[in-house]
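For reference, the structure discussed in these notes is given below.
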Amino acid sequence: MKNKTERFSPRLLLSYAVLILGAVFMLLPFFWMVLTSLKTRPEAVKVPIQWLPASPQWENYKLIFTRYKFSRYYLNTAIVTVCEVSFQLLTCAMAAYVFARLDFPGKSFLFFLCMTVLMVPAQMLLIPRFIITMKMNLLDSLAGIIIPNLPSIYGCFFLRQHFASLPRELDESARLDGCGYFRTFFSILLPLVRNGMVAFGVLTTLWAWNDMLWPMVVVQRQRNYVLSIAISALQGQYSSNTPLLMTAGTLSMLPMLVVFIIGQRSLLSGIALSGIKG
Amino acid sequence: MKKVLCLVLTAMLLLAASAASAATQLEMLCWMSEQQEGIDAMVDAFNASQKDIEVTVSYMSKSAYFEKLNIGLPAGSAPDIIALNVPSDIDYSKRGFLLDISDLFESGAIDLSRYPEHTIAAHTIDGVLHGVPRDYDSIAVYYNKAIFDAAGEPYPTGDWTWDEFVEVAKRITRADEGIYGTCIASYPNSVVYDMVYSNGGMAFDENGQCVLNSDEAKDALKKLSDVILVEHASPTIEEQAEMSSGNRFLNGMAGMLFNGSWSMASYAEALGDDLGVCALPAMGEKPASISHSLIWAIPACSQNIDAAKTFLTYLASYESQAMTAATVIPAYEGTDALWVENYAQYGAKVFTDMVSEGYAVSLPYSMKASEETYSMIKSGFADVLATGDVSLLDALTEAVNAKIAE
Amino acid sequence: MARKRIPAYKKREYLAAYVMSAPVVLGTVVFFLIPALWSFWLSFTSGPDYFNNTFVGLENYRQLFTADENLRYELFNTFYYAIVVVVLAVVLGVLLANALNREIRGKGLFRVIYFLPSVTMAAAAGVVWRTMFNSQFGVINQLLGAVGIPGPKWLTDPRFMMLAVIIVGIWKQTGHNMIILLAGLTNIDASYYEAADIDGASRWQKLRYVTVPLLSPVIFFVTITSTLNALKVFDVIYTLSGSGGTDERFMRYYRTMVYGIYEKGFQFSRIGAASAEAVVLLAIILVITLIQFKGEKKWVHY
């Protein structure tokens, strides 16, 4: 079989074809969402489907910020996300290190207990968390959204796997050099799980940005809304302004897209270090 | 790390700064975001008229709104003013979550004679009215003139029997093009109950027991399902699950639709001059239109009861209710005429006539497990309309009564 | 046996452990564990609010298992969804991560595209997909029709309804898994692959004998989290099924355990019953997770 260059092997072409097909599948809803945000209301619900708007209505993008005051919600969501993510990055990495490397009485029990928390459906916890937050006088505030969401067992578990996969010799040589546990964690091991930290950072940013269940329960006044609540509030009782909804959806997605693109490059350029010479 | 701390501090300062204010802060929450302009106008007018109380209003989607109340009220945390519909006010009232405002009625600050009888009766639970009626609605037939023109059919004028209605629906149906004469949905309040009551049946009797297994009810449901399954003048329940009756009408795919006055604004915007309204057909001796209404109420756990009562009195007034006349029929005497004026060209008077001429029936609800039984009934109607089997109503009635008895 | 004295260095280890894990552990106890226990307590009560409730013992559970007609649908749908989505989302995730770890043109773009679904709000995604699945006018059936396949009634045919949900679930979860797996892949030292090349391993063999074992801790993590997400799925199903206004005759093919919890707790205000169902779901998840951890010992290499 004639192979001009490696590049054009049938196997590679097949891979590309599959990847492209998959990409179309992934992108289809977004095309629809973005295109619909530019349609008029009748065009959006028209049947049979009209893919492209007759003429793009950029109105909605302006309205979102002027009439519907989304800039406030952007700010709120950004504050919530930044606070949650930064706290989680540090504390989860520490806890992950502890569970992966250190030994202490009650370790398995504690780990198991924390894992159980992951298994509980969020709806079950909603009311008790609400009451606790109420008793702490944190209702209807951004702090009320942030504080109960600060502990992340998901993060611990995720980073634990990364720490666990580092060779133990690193710890030992650090110990021989006279490093205490925190130093070992901070200076030696943490840099090695950088990719994991970035991945976790990106994931938790996305999660915090899109979260609706908890903020919806805590927040009451419109000025404390985050994006997810504001978008759902755009749905009218009997009819929805579909293009407006799609506009809001598109706009709320864009910052996350940027976050991901930036984070993704960091992943790409990170090179694995084995840490052991020779 | 430092950057984060700064951000957090700034955030907290922002929050603290915005909280400081001398006037009593009242919070109002509702879900009717299509009425936002009118409600905002009401609130702004109130705030401008005095300096002691400042009201902020927030909107949420209906499901989120009730979720919040369902979670917050039992915990003792809620906004100061809320809007309530029928199942929710029964529920909250029975559980003691609403403030008793009878002093406002007794002192004459709120004159109950200014509101339609049925709105007051609907929300009086165990003899106590916990809120102020803010609007009411009724059901009529919306029709699409373009579809009638295409079939060469004269526009309906109301005052017609069920059989006449079905004939007209058949004549304007063009099923091969996906255009149906009407759309029989399983909604109790805008379709099924209206016909059941018109036919002489009832949903619940005086003892609160479900009586949907009566012959009149079964007959009504049979006639409704025949339109779908026998006359083929309406899309099936399956088809409606994919595209609701409301959306079909908006898209010009349904010639006539039983729906409430609440849809007036959006149908007018979508269909423009093609929109017409006429009265419901009478399945029995006379037509019946379910009329539902909302109230403004104050949760008992509110921290600012006096201020809330003052604001509530304002909400009960002609001036404030008139401001929402663009999108709903307000309850205060005389304000409904304003709504009719807005939509007179479509024949909107039909809606208020249904009430003033005595055809209105308050939305029937069970006094127990109202949310759940409503859901069961709606699903039960869907089953009957999908299969044409009215004996299912027996099982439904049993199940509902079992739930009530729990 | 005489009690061993804990040596000083061990004490330091314990101290470090407690201090460093304190923020997370304490936070979890206050905001997750206590609420979970409280909810567990609520499942044994029935009452007008959260403080004045009456203890009813196992009544809520009894009702759930004997009188609740929805439970069997909820159980079936939960498992059906979870099994299919987890298996496919993990397998596809591994294949994708592997494919996009090599030198392929447009690799960065593909990564972004595949991850995009995870970036959307589940609720917004549900609304869009619902329109796309419309049997007459939706994009999916139009595309299927273009290649000669008659499109099914995704939203009203019981055979396809859950399938539609599953498709959306895979759509959303795969890219998420892919990213996590990619992070793990970059940690695998190239020297392993070089050694495999020297031994003459094929691409498939490299995947099976080098990549997967070395990646197994991350695969394990991705499986666990995908399973947890799948068993607790809600937003997508809620919006795909029509955001709550749907008749029971359709809803029974969509409802999962979490949907049942939501409906009982937040629509019907039956907190006790909702908590009972939540406890049952928790028990199921617990068992499944324990089984997965047993699997960890067998299959995961550190």
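For reference, chains read A, B and C in written order, and residue numbers begin at 1 within each chain.
We take it that contacts are C-beta pairs under 8 Å (C-beta built on N, C-alpha and C of every residue); 3 or more make two chains touch, one makes a residue touch a chain.
Please read these numbers as outputs of a predicted model, since none were measured by experiment.
Without subunit B, the rest of the assembly holds together as one piece through touching.
Of the two chain pairs considered here, A-C and A-B, the higher C-beta contact count falls to A-C.
Centroid to centroid, with C-alpha atoms defining each point, subunit B and subunit C lie 37 Å apart.
Centre to centre, using the average C-alpha position, subunit A and subunit C are separated by 15 Å. Centre-to-centre, using mean CA coordinates, subunit A is 38 Å away from subunit B. Multi-chain contact residues of subunit A, defined as those touching 2 or more other chains: 47, 87, 126-127, 131, 232, 235. Shown for subunit B are the residues that touch two or more other chains, namely 67, 71, 75-76, 243. Along subunit C, residues 50, 136, 243, 265-266, 271 each make contact with two or more other chains. On the side of subunit A, the complex with subunit B involves touching residues 41-42, 45-47, 79, 82-83, 86-87, 90, 126-127, 130-131, 134, 139, 141-143, 216-217, 220-223, 225, 229, 232-239.
Of all the residues in subunit B, the ones that touch subunit C in their complex are 63, 66-67, 70-71, 73-76, 91, 95-96, 178, 186, 237-239, 241-244, 369, 371-372, 375-376, 378-379, 382-383, 386.
On subunit A, the positions that touch subunit C within their shared complex are 15-16, 19, 22-23, 25-30, 32-33, 47-49, 87, 91-92, 94-95, 97-99, 102-105, 107, 110, 113-129, 131-132, 147-158, 161-162, 164-165, 180-182, 185, 195-196, 198-199, 202-203, 206, 210, 212, 228, 231-232, 235, 245-246, 249, 252-253, 256-257, 260-261, 264-265, 267-268, 270-272, 274. Subunit C meets subunit B in the complex at residues 48-50, 134-136, 153, 155-156, 242-251, 265-269, 271. Of all residues in subunit B, those touching subunit A in their complex are 1, 4, 7-8, 11-12, 15, 18, 27, 29, 31-34, 56-62, 64, 67-68, 71-72, 75-77, 79, 243, 246-247, 250-251, 253, 262-263, 266, 269-270.
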